[in-house]
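These notes are about the structure you will find just below.
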């Protein structure tokens, strides 16, 4: 089950230390102009080694398209692509071949499949998300035509929480910050928190928030393909994600209905709502207001310090992993969240073409 | 898109004030014994009028199977069923025909489809979930054979939060409580809170927690069909749900990796983990520990008091709905959460039959 | 796997002697006007007892819609329906409970599922096709809007073959003939051949031809969803079908390329082809010419005379079935062929909405 | 729609003159040993330049696996692969850029997508089938474990028809013949017929027959996924195919039921049938007898001689294509037919694991 989407579908492949990571995008309409610079920029936002607070592995992470694009445009045919693996140091993983690292997928993969490519986590590595960023960047090019804009940003690192609301943030500042938090003061604290984790050979989790603007009314299938359910499924499919909420989310459960309801009003633009606790989605269908949601990331499991665990022979052992790892996955996960959101939105825009006669 | 699942698939149909609500279950293996009493009991747990804190509408909600069962057993053929609508008072909705109720799906349906069955919310009514309870109860019969058990319960109503952990709860107490909270003291406060909301013609939200025990290792497709992503999608597909988290969830984002990692240990049962921040799922695949998660429900939108809104002609109007409604959806949503969890688990158990040669 | 189609999807249910046969149509756009008279007429064309050359079982076969239609129009929501079983005489089948009839599905169902509803063939009965006629008649209503017309007819019964070509036939004559062959002389011979089979307590096979006119250019997915592959799959899914060919078909294999190629020419209408060996489909995509194809039906397996076979205990036995059966399935299969063709065409019309930006 | 299969799924990509042709196989169980020599041999059976009666283009056609295989075995993860294009002479196609060749997909692609990669037919080229041969060869490795064997062969070229039946053929002779007909005398005539077509700068069609032995009982989904419907859809998806029949096929329509029915008998092996007009499939489900079917191929459309046609500006023009082409596609299509059959059988073997509890 390596395919995501109903109409605009990404099928992903590849392992961390195999030949490369790639995918096939099927169902992309013909005639979309492909901007390679834009796609590379999205990959750069995700790639390791981009700042002092990410892993220092250097991977060029440039994409090679294998099919589906002719004279700069999509052809309606499948778009295959690969990002060749380069800087893999598989030896770093030799000692982990027979060991199940705590809170990794080593144990579950082995139990499920009876086998496992142990090098760099194999298929379970977050390096797989590179395929999603490529597909997501093509989805973003599609969305750009309709003026839809998606902005994700880091809103919490450990206990440090951004207190400003969406409407008070200037998203053009997100990329200026290595932690991808648009608020300068909070960003500083977050960076310090990540550096502290790095010094301790430890890791730290957090929250990425995302907002999508200028969404057409009517996206979402009202029962089992609710727009927020598809967004949730997309986000929960990202490595290390433990939770998803949209609109008023978990906090909203404490409100009474009269506080929570979004009153419809008549404006110059047509119909709008006074408040937006619905997060732009009512009954699973977009209502034209901003869609916003939060994604919870656990602290990643790879620690560069001693931990007890067991091996294949069910013996207790102590591991002390080498390798180059991120103390915090969040800054690099921002483009991944945006990419998955873009895939869901394009899929629903295409689906919505058959709503009515 | 009214189909849920990959192998064990429910396709649901029906509107609140149409002839009935039903569905087709396709992909159920042959030979499963159907216990009608068990299924009816699940329906009774969901049905309106069951206690003083639910809507006083009386609906018998008994299921009629139309196909797929012969001599008490499933045949491997599609299982169709219907719950005939009985106590519908469509006239209550006449005045709402041209009005978009705040935070309902009236507006988005109309915009999407250009038409809408306004009676009782039509297809967007939570009455649709009755089909899920029927399918889920068959899934539960399947799971029972493997000893898998799913327990959901209300863990929060408004600000009132159950402080006990899963392991300190006695789930046999859940059904003794009309609010479906297994802790007697907390249940009392929750009931009072719901009664207060009812008196105010207002509504209140909350959280349902769920735990599944004795899960086999190896369920879940590691990239786009992660077990928790499918659970999340299932829960977010339930009416009024705004968030999903599993294992350590949103709170876990504040921990460091060394606090969060679940250390593998050797026990009599084989491999286990010391802690269970992973919520029984690592890398998207079950690891044999308990699966647990939380589901956030907003306060439902139907208030029995005056609210401002707009109508189809984009005029501002004031509504004051009649009808019989729940002040709090949570007690009746407990079997729905369990049903959707059961559907996901059965689907993954069937999928896991092809993991290996 | 009881679902047909990608966007416009029919999920069918029911057994021959269960409560009824029905289905759910999902993915039908909102706003389609439903004409119950038209649907009933399609059912009447399929129903038993309609003439002296069909089975004399009398089944009213009227459809009850359960959802998805409001004020006479589709709502974009799932359209569920059922045809209640009425004239079933299950006792006729008692003696067949433990017997595997030759060339029926009794043996294979039992081996596959370990169980079987033996009454009237259960799920394997051609009565299931009634669900397809209902869904197909809604698809036809959709196609009518675009002026697309589908005409199937019986072109061969046993050795008796209609020698005229499509262009020489007057399809308005098809329904005037109880064998549904538009050529009066050939029809007479076919009827005599069927009556002969009936007198012999035997059965006879044949061919149904079908032609679809005014097809838009561009339907069909060029690799795995070729328009003719989907038509073929649809036809081969009808009970008793043994072959499918389109355009020049099996005979065309004997031609050389220079004879077979369809030369493009410029006409008033735009681009057309001089000949139409392609059957209106090139590279899997419709080219605007008429689509035509043949469907081979075997003589049905139920004979009202003695045959040797085996039973569940692997003992050789002799059967002599009772019941009321068709000596030839073809006249009643004409609306089924049309229905399946309509389902494929609507599905591809909806799919084609996302070909291009 | 570039994905084939339900569980064992091939998603194909690539154009004739792009970087390469490839695909992703998803849903292959873990633990299957991959024999690269076997796969290359299958590719060699399909590749151009293999004999005097095929095109003289020389393409190494060796596959590069990109993922999913570790230490020689499948991992349960997606298996991506590519065959890099090498001997493409795109200039041969320059003059065809704006021309619609008769009975090719040039016109329909352009109308559907508004664009087209004209070089060598782009995505519509039969070179795409190379991806199917790779996937099919992995499916064959899977089938080999269960002893299932698939033999396809050329049974007709133009008017020249092999008169022997399956049981009288020695399939070990097929590969000894460059036309892949196991009967030496008929093969000679077929070769002469193809050479004649080549001399005339013309092409010739024909039929490929296929037989699969040692099929387990119980494969096939009885309503919309009938085993023969899936085989038919697979075959009709191969370039140039115009028809499919299995078992008694079109000829069987002339028989009476008492001639056609396959009588069950008790043998040492258990249950068998005296005759096999059913082609090993009853009610859409395999019955353990040999599965056999015929596939009709039209004469391919590319002629190396003058033909009239039209161009993009709707002007009549004369073309006289260069390039190196097959006068008859059949010898090279034999491994493609086997590959597609293997994909269908593996898919149904995996699906059948969930038939019963």
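Labels A, B, C and D are assigned to the chains in the order they are written; within every chain, residues are numbered from 1.
Definition applied: contacts are C-beta pairs under 8 Å (C-beta built on N, C-alpha and C of every residue); 3 or more make two chains touch, one makes a residue touch a chain.
This structure is a prediction, so every number in the text was calculated from the model and none was measured.
Shared contacts of chain B and chain C, meaning chains that touch the two of them, come down to A, D. Equivalent interface to B-D within the set B-C, A-C or C-D: A-C (over half of contact pairs identical by residue number). Computed centre separation for the pair chain A/chain C is 46 angstrom, with centres defined by C-alpha atoms.
Chain A and chain B have CA centres that are 26 Å apart. Separation between the centroids of chain A and chain D, computed from CA atoms only, is 40 Å. Within chain D, residues 1-3, 12, 27, 30-31, 76-77, 112-114, 123, 222, 355-356 each touch two or more of the remaining chains.
Chain B makes touch with chain C in their complex at residues 1-3, 9, 11-15, 18-24, 26-27, 30-31, 64-68, 70, 73, 75-80, 82, 112-117, 122-123.
Put simply, chain B touches chain A in their complex at residues 1-4, 6, 12, 100, 102-105, 107-109, 111-114, 123-124, 128, 156, 158-159, 197, 200, 202-207, 217-218, 220-226, 228-230, 232-233, 236-237, 239, 242-250, 252-266, 270-271, 273, 277-279, 282-287, 294, 296-303, 305, 307-310, 314-316, 351-352, 355-356.
Only residues 7, 27, 29-32, 76-77, 145, 222, 350, 353-357 of chain A touch chain C when the two sit together in their complex.
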